[in-house]
Amino acid sequence: MPYLRDCWYLAAWDHEVPAEGMLSRRILGEPVLFYRDDKGQLTALHDRCPHRFAPLSRGRIEDGVVYCGYHGLGFAANGKCVANPHGRIVNSLSVRSYPVKEGYYGVWIWMGDPQLANDTELPDLDFFKEVAESAYSNGYLHGDANYLLFVDNICDLTHADYLHPNTLGGGSYTRTRSKIIERERGLAIQWHCMNEVPQPIMRINGLTADRADSWTEIEWTAPSIMTIRNGSVPAGSPRSSGKNFLVAHIMTPETETTTHYFFAATRDFARDDEELNARIAANRVAIFSSEDQPMIEAQQERMEDQEFWSLNPVLLPSDEGAVRVRRKLGAMIQAEAKTATPQAS
Amino acid sequence: MPYLRDCWYLAAWDHEVPAEGMLSRRILGEPVLFYRDDKGQLTALHDRCPHRFAPLSRGRIEDGVVYCGYHGLGFAANGKCVANPHGRIVNSLSVRSYPVKEGYYGVWIWMGDPQLANDTELPDLDFFKEVAESAYSNGYLHGDANYLLFVDNICDLTHADYLHPNTLGGGSYTRTRSKIIERERGLAIQWHCMNEVPQPIMRINGLTADRADSWTEIEWTAPSIMTIRNGSVPAGSPRSSGKNFLVAHIMTPETETTTHYFFAATRDFARDDEELNARIAANRVAIFSSEDQPMIEAQQERMEDQEFWSLNPVLLPSDEGAVRVRRKLGAMIQAEAKTATPQAS
Amino acid sequence: MPYLRDCWYLAAWDHEVPAEGMLSRRILGEPVLFYRDDKGQLTALHDRCPHRFAPLSRGRIEDGVVYCGYHGLGFAANGKCVANPHGRIVNSLSVRSYPVKEGYYGVWIWMGDPQLANDTELPDLDFFKEVAESAYSNGYLHGDANYLLFVDNICDLTHADYLHPNTLGGGSYTRTRSKIIERERGLAIQWHCMNEVPQPIMRINGLTADRADSWTEIEWTAPSIMTIRNGSVPAGSPRSSGKNFLVAHIMTPETETTTHYFFAATRDFARDDEELNARIAANRVAIFSSEDQPMIEAQQERMEDQEFWSLNPVLLPSDEGAVRVRRKLGAMIQAEAKTATPQAS
């Protein structure tokens, strides 16, 4: 399936592109070089010299210009050649420069029509905007599966009852029907588990009541940005008396079958509890990498590079969110293909 | 080349599918889950959930039902869904269930039309039927070559004279023309080496005469079940005065270029000699894995995934058995394709 | 791109094919067995038995005949079967025998029409003809890139200024325009850097003058044999007062994307200085394997198995040599294809 291109993809956490230094990372199959100039200004260029196809990331940065390490051509942040020790600078001496933006502790890249980038805001992750370090953590995992399998995983939270029975699961998601709400460039998928057996994780987090009301409200923004607001109270108590965990799962395609998986988390309570913060981050990695990731990579392996729908999956009511996500994204990709101006790559 | 499907393939030795536990193994390219219920009854299911394609082998077994570890669907031995915590059980919620049979210390699977399985006996390996443990051994090796290259290897025993000169060879196979006898679903390939220089292995096994009469009688049953009855006597002595080694080589395709290679061996003498038994088993593995396997895998590598006949092999008289095996199997596969009802996979 | 076939390729250094023993090496994608008979006479055969496709290199040599280790067929140096223990020797029992020649400490193979081999001399490497051991060294590296990327690398020496700034570079190549001279089956590419800042390597080699005249004269002979004569004198001094380093870089395609890279070096001074000889050889390997090789392999990776011209490289004046090499070689390959008689392989 082609990718949605006219949108912001999270390419890296900001600390992954240090003040001096470079990051070379494949995004939607294309090798991209990320670096900063002396003022910290971020640049993303196609990581392939137009002369002899050496990776520019094997070169060096000076005054915001990247010099190819093979024959010394220099390219500025706009991709234009600004140094050719061998002769005239002709127009064809340029590399694709990708619009980039920083925000929410991340480096974002625009892989589509650059004309459209300026007028487009980053997807709303405002709950990460001004968070104390003691209440925030992020992370990165590399996954060997198509990015939409990782998106599906979050859309259908009933998986927690079977894949994470001793932490996030317990059965309440399965007994609950999610509510889907249309958004402009996405969907909300809301799981409200009312008067339910508390999930083991709620016990760990201090809930003592026999029954709980809980909410897990997912916002999916195309193509693959997902946030979750999650909390619980003793059954019947007002939601406003509860605490909220705020988590983002952002999946950026590296290739058709590999994914950059970014996590971030904060909360609206105990914001100065660094010990709790560290524990939450460690648990998230432990659960995801030992339970979700192996299952999703095994799915991909069983699909043997065939397209999801071509395998005729049998759908369950709990797939409603995932199916609507895939359909909405598919329609957006089709619409984009119709209006797109061809991109140089 | 397509596979013969309406036949029993050895999938595992029985100890490989323990009472509690599962075995996931690819057979003819398809991932298959083998497990037993509480009564030890064996089941083989397509190892891929029809919902989201997770391997069922990442789930758990309870009361003979396998529960998918991702979203909790449960499938019974017949492949029908018997537990759907998310809604109604619809007909499409099923996985392919393969007929299985146990016998000759092995787990056998039927990859073709299940209607035909019941009426078909396992291939005759009766000489393994009731054997003392002290006179029996079996083993498994994974081979990186097409299964028919392993079959060819046994069909043409002249290879022993060159590949195993210090044990099974010695020259007598080359000086002998094999006799081929048509069987209903196979061929007999008989090597009777009369008044010949004894093979080194016969010396090791105690033969002292200068000349020997020996017999190595192969029964090939389509597609790839081979037994060998082998023995020797001093030249001119009655065959009934000799001892017999009884060996099976059973090659089950994993993929087009990889093979599950099963061995089993017994004998009609010294049946309570456990030390001899262990020595025979160890020698078999040592010879095969250091001499046959590297040669056959090198053959496969040189063939570069091209079809055997397309490479125009130059055939020798000693290839007669192998060629008739390949032709007979080819004809059976063609005949099967003409009458086959399409299988769900 | 097809290969030039009617020419001598360096297949190995002579010590790589020992008196007793064999070397199996893929040349232009074909597996070739190299061995010597009792008199040291060299043979090159297709390393695949025509019977069952076993590599002949898994067999043994006796009296100049290679015996297949699987079923004992024997092939003489001309590729004809001379031993068939299983029956008559038919004409089809033969393997392709490649013309071979020894010279310049190397083993050379002819992959094209054998009729043309006899009348063709080895490419001229006469400066290696009678060299004291103390003034000669050779070496071999395996490279993961198309052989023409390695050829391009030598053609455009401006790369030294950027890839080897502290040794071979310094800027003088970039400020110099190479002179290209047509040869019968090749090109000369001459870099004369006059009145220039000395390269760091010249300082290391004892030059003390502020400015230097230097010469680096490359002879490329199709398809991929390159020699370099290189030296320097204080600016304005006669060239005859200088010393010459004499180096060969010979790239033989293993496959489309891998290369056998052979080096050899000598000089016209300090020929009995073994310590210097060892230092030169060590430096060459150190520089090439840590600077050239990683860059060229990264180029290949970025080209993703696409053909060089199809990627529309932007050419610089310094590419003139490399471009003329590729065009001349392309024309030779086309001309050869038109007149070629088909080869059995």
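We just call them A, B and C in the order they show up, numbering each chain from 1.
Throughout what follows, contacts are C-beta pairs under 8 Å (C-beta built on N, C-alpha and C of every residue); 3 or more make two chains touch, one makes a residue touch a chain.
All values reported here derive from a predicted model rather than from experimental measurement.
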Exercise. Over half shared or under half: which fits the residue numbers at the contact of copies chain B and chain C, same or different?
Worked result: different
For this session: Can you grab the rotation angle between chain A and chain C? Superpose on CA, round to the nearest 5°.
Result: 120
Problem set entry | Separation of mean Cα positions, chain C and chain B [Å, integer] | 48
Exercise. Going by the touch rule set out above, which residues of chain C reach two or more other chains?
Worked result: none
Problem set entry | chain A partner contacts - residues on chain B that touch it in the complex | 31, 47-48, 50-55, 58, 67-72, 84-87, 90, 92-93
Problem set entry | Contacting residues of chain B [partner chain C, same complex] | 152, 156, 158-159, 161-163, 174, 294-295, 298-299, 301-303, 311, 313-319
